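To start, I am sharing the structure in question, which I have written as structure tokens.
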Amino acid sequence: ADPTAYFDAVIAADGKIEPRDEMPEAYRKGLIRQIAQHAHSEIIGMQPEGNWISRAPSLKRKAILLAKVQDEAGHGLYLYAAAETLGIDRAELYRLLLAGKQKYSSIFNYPTLTWADVGAVGWLVDGAAIVNQVPLCRCSYGPYARAMIRICKEESFHQRQGYEILYTLATGTPEQKAMAQDAVDRWWYPSLAMFGPPDTDSTHSAQSMAWKIKRFSNDDLRQKFVDMTVQQAGVLGLVLPDPGLSWNEERGHWDYTQPDYDELFTVIKGDGPCNRERMAHRQAAWDDGAWVREAAMAYAEKKKVTT
Amino acid sequence: ADPTAYFDAVIAADGKIEPRDEMPEAYRKGLIRQIAQHAHSEIIGMQPEGNWISRAPSLKRKAILLAKVQDEAGHGLYLYAAAETLGIDRAELYRLLLAGKQKYSSIFNYPTLTWADVGAVGWLVDGAAIVNQVPLCRCSYGPYARAMIRICKEESFHQRQGYEILYTLATGTPEQKAMAQDAVDRWWYPSLAMFGPPDTDSTHSAQSMAWKIKRFSNDDLRQKFVDMTVQQAGVLGLVLPDPGLSWNEERGHWDYTQPDYDELFTVIKGDGPCNRERMAHRQAAWDDGAWVREAAMAYAEKKKVTT
Amino acid sequence: MTGVDDVLALGDDALIAAQRLAEWTTNAPELEEDIALANIALDLLGQARLLLTYAGELEGEGRTEDDLAYLRGDREFRNVQLVELPRGDFADALVRMLFFALYQRELYDGLVIGDDARLAEIAAKAAKEVAYHVDHSTLWTLRLGDGTPESHRRAQEAVDRLWPYTHELFEGDVPREGWLAAVDAVLAEATLTRPSDEDSRFRPTGGRKGVHTEHLSYLLAEMQVLHRAHPGASW
Amino acid sequence: MTGVDDVLALGDDALIAAQRLAEWTTNAPELEEDIALANIALDLLGQARLLLTYAGELEGEGRTEDDLAYLRGDREFRNVQLVELPRGDFADALVRMLFFALYQRELYDGLVIGDDARLAEIAAKAAKEVAYHVDHSTLWTLRLGDGTPESHRRAQEAVDRLWPYTHELFEGDVPREGWLAAVDAVLAEATLTRPSDEDSRFRPTGGRKGVHTEHLSYLLAEMQVLHRAHPGASW
């Protein structure tokens, strides 16, 4: 039998590929790359928000933020587990991350400068992530699709929390409202850039579409995010920093100014404001923990021997 | 000639012993111990005040405090230099300090909890130090006496600054005044204890008196400090935390309650609130600086060879 | 009747312990531990909120949990010094958690059957959480103590460094015997040595009266900065 | 006419540099260096006070040096990011001082002969101080770069880490050529390699517009905590 016949049939029938199924090597490799990048993004993404846990302005907000960052670690775990079903282990993925051989989402290379950034990250960054990720809940690789279902549920919870932070600020004191507007001013374009380069410049996309990993083009997803966000910004009473925003009756969508893709590539290549610090932080945590991981292994080894 | 004849004659004539002069071994050793302890106190004493440099409440106070702590480092330098004239080098004295073989003043093992502590340390601790040290300006060992003259001048400047901090607080807001009173409450008895155990229990004293290193008894100096301080506290409008304070017409001095000498001995033995932290801090700075000192030596060596 | 300061003491212990533990977020030696430490910090933060709210009610001046957490200076905090010590290494964190969780177990066990119904209710909820903290810190104390020579050394150093600060936990009504027996059992299995009471004359104290180490005011400066910069604002 | 923001930029550079440098007090590798670093921090603090006072006067809203130092948030600070980076090791401190002092030398040399008499006066005083900072940091860069293999490695790492942040110094009117030549001469003698302009696409910026690294708000939280806790008080 043709070894790819089953795979092709499942994909054609919109079914799920499972770990034990045969699959094209490029499908497997592409998925590992994508899931790993997604997992790394959750882990590195803990840093910009973690930056405000110690300073959260109320105990309730502190608890919510701490729980959120914890959820991100949890998402990292599911995703590394999903990647492991493709025959690679977490330690190796970590190594590739720290060696700069695998990427994470560039959005986390921007600094969180004020408390309002925690709100803006929740509202805009998680919002953009959800738009990107919801289609992945139907992606053709079973373990990834199932991980995404759980993650998307939590992400939309996080997005609501971010929105709520901004709403409280936007309806608070003049200083709080200014803080909220400032955060939106800084996070808007980087959030738009999260959908990747315009379709005309995008690599990987066509094959991913065919394999039903990706289901919508970058530009379609970006438009969806813009349409959704413009409406919410109105409710918040905050201004999106794009003078070109206008409703296009004909298209039935909002026209908007594209983000600066040169900046995006600069960040992707490692030269964003925080790339070096994010990686150095992760590396330091990893190095500092080496003796602990060794102790845990040595102890487990002893217990195996003596019991 | 009797090798100690010159020494004895100089002491008898209230003259100065200089480094090249012959001197009894016990005199030399005792002086090294005392000067080293004094030098170590300046160095360790930088920590409790240094604790507030980053948080000083005005730029002017920050500059004054930074300059004061710098002066203490300078005092340490003069005193180590004075000790070195007795044939021991600074590195060895450092080693003895870090090994716990030489002491520093126990007062620096109390924490500085608020900004007012910076004032109280200046007023009470420097005040007590000055009462202790002024007689040392006339001590029989020349280099020590000369170092003390310079140090006492700067110390009285520091004491005035501390007094001024407290005065500003005591005449400031109710919170500031409470902060000042709280600091005085905590620093009063430890400052009294700086004069050492009562004369009845004091070791070393008799010989030091005979050699004109020490010139007044612990209790005399303590009384002098109390008399001076009671009067200043009145001007500040702060209460010294001793209900037993009362003017003794007959003695012409203030009666006061003795400090808790058990507590003093606990601190001297290493079990005060901050002994461990002060030593750990100094040790860490020393260890962290090792590669720097090595580099400076290696560079000096190279320059010697090549020029 | 329960005093405000007694409840503040419990609330401040939990709050400051949570704040220190949360510093581990993104710094833990493995992902599972990032999650576990955040979980425990969340439990402690939850206890702190209930306790501070109750303390505010007892006080009767309308102060909320946030007023008490954000608008007091270090001289007004009532926590023991153990929980405010700097983060230290992973051995510090887990040995400290062991000492503190075992203390909290004794504490809450007592409150559950005590006279104050409100505290009994808080304690009943917290006791379940603390049981997990005890398990988690016990497991790690064993792993570190009986792991590698380096982990043993670090764990022993943590025990020696932190031990003096445990005496302050028992200045109140919580009996030390049960705690000591539980600690001894874990340390013994972990091949760690517990400093003898005779040798340890260094017994820092003062936290319950607002006399802290120099570390607490830095912790509070960071924790309170944003709240204090916007007086009266809602978040 | 000189703008408020221009003077604030200079004052904030000096203030934040002083605050970071003062963190070395009691932590220097030798006593002489404790004194030297405190001295240089004092010089910078003095410059900051003159400059902030002048900025307040230019602004004309009655703000004093302390209002400007203690009552602005990090988004209102105008310093370059170079001076706010964490303390780092001794090589970081001295290489940073070299880069910054050589920049300040160019800066003040320009101001001394500039149109603004007040700035010229401040610059004339500061220039003498900066000459010492240049000497001191040059000496240490040589010692570290050409000292031991470890010190060479650390010095080179400091150069590589800090270099990207030097570009922001030259976004204003200060010319880069003289600075670059001076830096090159010191680094070459110190056997250190300067990153080429072609290789360094990472050029962090934003400080002059109040966009800083995540470190500045922590520094300010600590620096301002006491002043802000007592609104309107005198010290």
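The chains carry the letters A, B, C and D, assigned in the order they are written, with residues numbered from 1 in each.
By definition in this document, a residue touches a chain if its C-beta (ideal position, glycine included) is under 8 Å from a C-beta of that chain, and two chains touch if they have at least 3 such contacts.
Predicted, not measured: the structure shown is a model, and the values here were computed from it.
*Asks:* Among the chains, which has its CA centre at the largest distance from chain A's?
*Replies:* Of all chains, B has its centre farthest from that of chain A.
*Asks:* Going by the touch criterion at the top, tell me which pair is linked by more C-beta contacts: A-D or A-C.
*Replies:* Result: the pair with more contacts is A-C.
*Asks:* Using mean C-alpha positions as chain centres, tell me how far chain B is from chain D in Å, no decimals.
*Replies:* 34
*Asks:* Distance between chain A and chain B based on Cα centroids, please, to the nearest Å.
*Replies:* Whole-Å distance between the two chain centres: 58.
*Asks:* Would you mind listing the residues of chain D that make contact with two or more other chains?
*Replies:* 73, 217, 221-222, 225
*Asks:* Mark out which residues of chain A touch at least two other chains, giving numbers and ranges.
*Replies:* 55, in rising order.
*Asks:* With chains as vertices and touches as edges, which is it: line, ring, star, complete or other?
*Replies:* Its topology fits none of the listed shapes; call it other.
*Asks:* Considering every pair of chains, which are in touch?
*Replies:* A-C, A-D, B-C, B-D, C-D
*Asks:* Across the complex, what residues on chain D touch chain B?
*Replies:* 15, 19, 22-23, 25-35, 38-39, 41-42, 45-46, 48-49, 52, 65-66, 69-70, 89-90, 142-144, 146-148, 150-151, 154, 222-223, 225-227, 230, 232-235
*Asks:* Which residues, counting only chain D, touch chain C once they are in their complex?
*Replies:* Listed in rising order, the residues of chain D that touch chain C are 73, 217-218, 221-222, 224-225, 228-229.
*Asks:* Can you tell me which positions in chain C touch chain B when the two form their complex?
*Replies:* 73-75, 201-204, 206, 211-214, 217, 221
*Asks:* Which of the residues in chain A come into contact with chain C in the complex?
*Replies:* Spelled out, the residues of chain A in touch with chain C are 43, 46-47, 50, 53-63, 66-67, 69-70, 73-74, 76-77, 80, 115, 165, 168, 172-173, 175-176, 281, 284-285, 288-296, 298-299, 302.
*Asks:* Using the touch definition up top, name the residues of chain B that touch chain C in the complex.
*Replies:* Contacts found on chain B: 48, 51, 55, 111-114, 182, 186, 266, 269-271, 273-277.
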